[in-house]
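Notes follow once the structure below has been shown.
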Amino acid sequence: MSYQAQQCRINRLTSSEPNQRVECEGGLIELWDETEEQFQCSGIHAMRVTVQHNSLSLPNFHPFPRLVYIERGEGILGVTFPGCPETYDSSGRQEEGIRGDEQREFGHQKDLHQKVHRFTRGDIIAIPPGAVHWCYNDGNEEVVTVIVNDLNNPSNQLDQTFRSFYLAGGVERSSEQRGKHTQQQFNNILRPFDPELLSEAFDVPEDLVRKMQQTENRGLIVRVDKGEMRILSPGSEQDYDDERRRKYVGLDVNGLEETICTMRLRHNLDNRREADVYSRHGGRLNIVNEHKLPILRHLDMSVEKGNMFPNTIYSPHWAVNSHSVVYVTRGEAHVQVVGNNGQSVMDDRVNEGEMFVIPQYFTVSVKAGSNGFEYVSFKTTSSPMKSPMVGYTSVLRAMPVQVLTNAYQISPSEAHQLKYNREHQTFFLPSRGGKSRRF
Amino acid sequence: MSYQAQQCRINRLTSSEPNQRVECEGGLIELWDETEEQFQCSGIHAMRVTVQHNSLSLPNFHPFPRLVYIERGEGILGVTFPGCPETYDSSGRQEEGIRGDEQREFGHQKDLHQKVHRFTRGDIIAIPPGAVHWCYNDGNEEVVTVIVNDLNNPSNQLDQTFRSFYLAGGVERSSEQRGKHTQQQFNNILRPFDPELLSEAFDVPEDLVRKMQQTENRGLIVRVDKGEMRILSPGSEQDYDDERRRKYVGLDVNGLEETICTMRLRHNLDNRREADVYSRHGGRLNIVNEHKLPILRHLDMSVEKGNMFPNTIYSPHWAVNSHSVVYVTRGEAHVQVVGNNGQSVMDDRVNEGEMFVIPQYFTVSVKAGSNGFEYVSFKTTSSPMKSPMVGYTSVLRAMPVQVLTNAYQISPSEAHQLKYNREHQTFFLPSRGGKSRRF
Amino acid sequence: MSYQAQQCRINRLTSSEPNQRVECEGGLIELWDETEEQFQCSGIHAMRVTVQHNSLSLPNFHPFPRLVYIERGEGILGVTFPGCPETYDSSGRQEEGIRGDEQREFGHQKDLHQKVHRFTRGDIIAIPPGAVHWCYNDGNEEVVTVIVNDLNNPSNQLDQTFRSFYLAGGVERSSEQRGKHTQQQFNNILRPFDPELLSEAFDVPEDLVRKMQQTENRGLIVRVDKGEMRILSPGSEQDYDDERRRKYVGLDVNGLEETICTMRLRHNLDNRREADVYSRHGGRLNIVNEHKLPILRHLDMSVEKGNMFPNTIYSPHWAVNSHSVVYVTRGEAHVQVVGNNGQSVMDDRVNEGEMFVIPQYFTVSVKAGSNGFEYVSFKTTSSPMKSPMVGYTSVLRAMPVQVLTNAYQISPSEAHQLKYNREHQTFFLPSRGGKSRRF
């Protein structure tokens, strides 16, 4: 797959589903087509990962930041940073899962590890570049996550290609493909090393090293024997409180662990009390930016979840400082996007499970379908800002009436209507009802 | 027009005039050829816009910062930012311009809008990325502006292509072209939207929306009916004072409006008392950097205006941290530019109305013509720094005499001359008179 | 040589020697092949410069930061910044070197110049972008330096091509080449200027200017007449003390000189007491980052010197926030590098005098040869961070035992071995002795 300089010659945006599948014994990885113009322009790579009940997504890391949205289910996420302390002790609970002979051997040893995070439906999780992470589904339904990677982030000193580094597992080739690319990005980085060297390095028998290297047949998500994975998983309340109190005193490795090691990584997008925009007849908007989740400053990403009531209009607006990558979580809508040359680059119905990109400064309008519309929009900035055409922060309202009258050859009265008819509203505008042509 | 990765394989710099024209009823837009090597290397796009008396340049915005130099005339500029307050009230003065029946309808309503700025000849104006701006000529002569856009600015997440977003007006195609490109970048972004949706969004009749969409025949600069555009336009004294006093307390939209909403956007380049370099026999240099105009820190751009007396030499020097884009405002000069491989890439006479680029670190010398030389140089940094070969900050003066004697195989006495003969001068060196070969 | 967007499609890394030579009367410049994939990916350009006893490397500057490692010898380095003061006075000592008639003329004049720096074997020297620098070998053996340039540094607004700007000297073409490129990058930037203009600018006779322009035959490193170059060269103790005491009060040129003018530029990598990692049986690691040498923050580069005892293993690890460019200073080693797709991209013996790149996040293991292994590794970040697989900061140790047992299908006991067998060690692991297959 050849890399070229970023291009945004967008003629046509398309709302699409993933076009590549990697099936594993414990789940499914689906990838959107990174060669599409809209993903090339935005430097975004997106995937959807399904983890079955009692399955483990194997440890991996990436050279760029990623946001993970939990569409369904609940579970445990481990995120490890080099140099951060092992402040969690799962040894107490673990004993039940140890077989008899093992227990005799080290049953009283502690098993310290870095913090794990409990997640649930509606959470957004921030994974900093290079952080090794794994995910375990200990719930009762499958976990479905939508993951957006920002390949253009300056932390990535490699080129603008999607890369995964897995510490275990691997797939030889994808089990199914709609596109033309041969998928080879998922392989265990331990495999090619000289077993004798690894054996010396870890100070373990070569047999053990060979086991670590021969994991490619299991894929990237594996099933776990029942009862084995009882990991310390704090409830969410404890989790939040702990974070506020905990203060790590330790090695000063670049001063980074003071910020990263103890930072909160997740925030729920479904909290009604935290809604940033709420319109009784229009809908609800929850924005998670660097103020609500400070680690996002390190990622320079953010996210917004919108819940639009049936037939509501999201007034035409553009994003000032980011691209937006929109994933439809429920319902449908009619979306129109217009580019800089006044050309309509999208004018389509979008459906649940699809994704599309709205490039920076492109104007978008959305009209929710008759069953409403719910989406998650990922942004390539940690402090997103949008400029609406309508409402109390509208760009037209900011201009003198005389500019509008002369710009549009309209009367002062008409200009006043443009400026003030939606004076007390913004973003989500309830439909005038029944008159809509399209829904 | 295809985009490629930035290249600076400069073999030849050329001082050139714009090669593309867009004629409008109220003025003229001229564009320099962005495919020239020098503009590709620097990531600069340049244009000259002429606005006739009593004409309005329609509201537009761009995904990158721009500096506007007012070469001639005076007028009013509106710059709006999303989320900034409408702190200006033009309703008092406006009434005179309202026709009778309109006045009855809403004559006592206020017309609040965001700040407008009065500009005059010699001003430089900073337009942040994404800020919607319009310009009205209420003076007695035509307004001529030279505009430099920095496409490489990191705020621009689209590619390195020039893009304009117009909220009104539009041109189908350019009225005249010397180059080969078909120009399509200027079109109203409202036009393609579904009128019914816009009508709902603005809560105005569909007729009004259709008027807003059908403006492409008027171009991008329109004539204004006499008397209509009486907008609150503070005198410049009031303008400056207001800014220091005004403190907006309002919505916290990303904390940005605290800095952007009330920041000064313009500075005059012709203020003799503010000259940064003044030589009684050489000339005058006015630099406007982030210290004089703090908003430039957000744009990472700056500007310098030079006024060289006849036959003065601008000593060979290079820019340490930016490209320079030079526009000739008056007179002529002989300019020589040398690149890294010791190759002369320019050795030409430059004339009024032309523009050329001096890439970062390329050495340039200028000798003013017999009528003097005046220019404006735009920089791709907010804190420009140059390294002269001659004078009290000269790079040769910073080296021990012995390094010079051995480097150039000259005597210590000669090395001393190189270091100290211009000890008390810098940049603008008066000619020794009459001896010049070229002028 | 054509420039393309950065690409990291690394199939094969190779440890290589320079492939281009420029011979000069006073020394030798050797360049690594910048078209190699590994250098293209990392944006690194590397060279080795040998300066003979009593020879002078002529003043030059570059549009990007560079780190200079002194592999052998000692001497004096001058680094000048525009706007910094001339705080050194070499006139006292210089008199001895001045011939009789010259001395009469200006023997009592001072020769003020900017600071010079004494360097010695094992030093790393930071050269900020655009700083003019020269180097003089006043020692008894030849000076050998290894220089790494970071072309991707954001200070470089030109493209990602290697460029040198020389103020004196020049070579017409390279004296010998193994590669296919014609080398033209080294030429005096003064040469093409109009001698009459330069004569006016410097206020010196045209004859003197012509001497400055006709230096291309001498190359880039010149021999110095014995006795001439007695430049004030503070001993290293004085040097360090001076820096702490000196406080420059002067022109405020962009505020930059407050930081740059008086900052320390060099640090020795061989200081045993400063070792960051020391293992009695393994070896020693000295890291010079922005904390030890604050100017590195401006360069966003750093360096590490490793001294591995015979047969020691550098445990598998990856660099989190930089590429690494490794130059072998002594001994040999077996190096294996694995990329993101689990593919071995290097599995070779590396030898003294060779260089290779380890891309960001690529996993590397090193096993020192039977005579030990010593290297210098240059990093494209000022605060390097690595993630080891083994030892007390190991990524495996940070994970719960249950994740390891399920990821690798191993027993809890085996997982404990992986986590804790090297609990008290990190990075340099002594060999178990005699068992190694390769050495």
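By written order: A, B and C. Residues from 1 in each chain.
What we mean here is this: a residue touches a chain if its C-beta (ideal position, glycine included) is under 8 Å from a C-beta of that chain, and two chains touch if they have at least 3 such contacts.
To keep track of the chains, here are their UniProt names: A, B, C = Cupin type-1 domain-containing protein.
Only a predicted model underlies this, so the values are computations on that prediction, with no experimental measurement involved.
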Equivalent interface positions on subunit A and subunit B, same or different at half: different
Rotational angle, Cα trace of subunit B fitted to subunit C, multiple of 5°: 120
Mean-CA-position distance for subunit B and subunit A (Å): 39
Junction residues of subunit C, two or more chains touched: 5
Touching residues on subunit C, where the partner in the complex is subunit B: 3-5, 56, 58-59, 61, 63, 78, 80-84, 86, 88, 90, 94, 97-99, 102, 105-106, 109, 111, 113-114, 116, 129-130, 132, 134, 136, 155-159, 161, 163-170, 184-194, 196-198, 200-204, 208, 211-212, 215, 218, 222, 224-225, 228-232, 253-256
Complex contacts: residues of subunit B adjacent to subunit C: 5-9, 41-42, 152, 289, 313, 315-316, 318, 320-323, 336, 338-344, 347, 359-361, 363, 365, 367, 380, 383-390, 393, 395-403, 405-414, 416-419, 421-422, 429, 431-432, 435-438
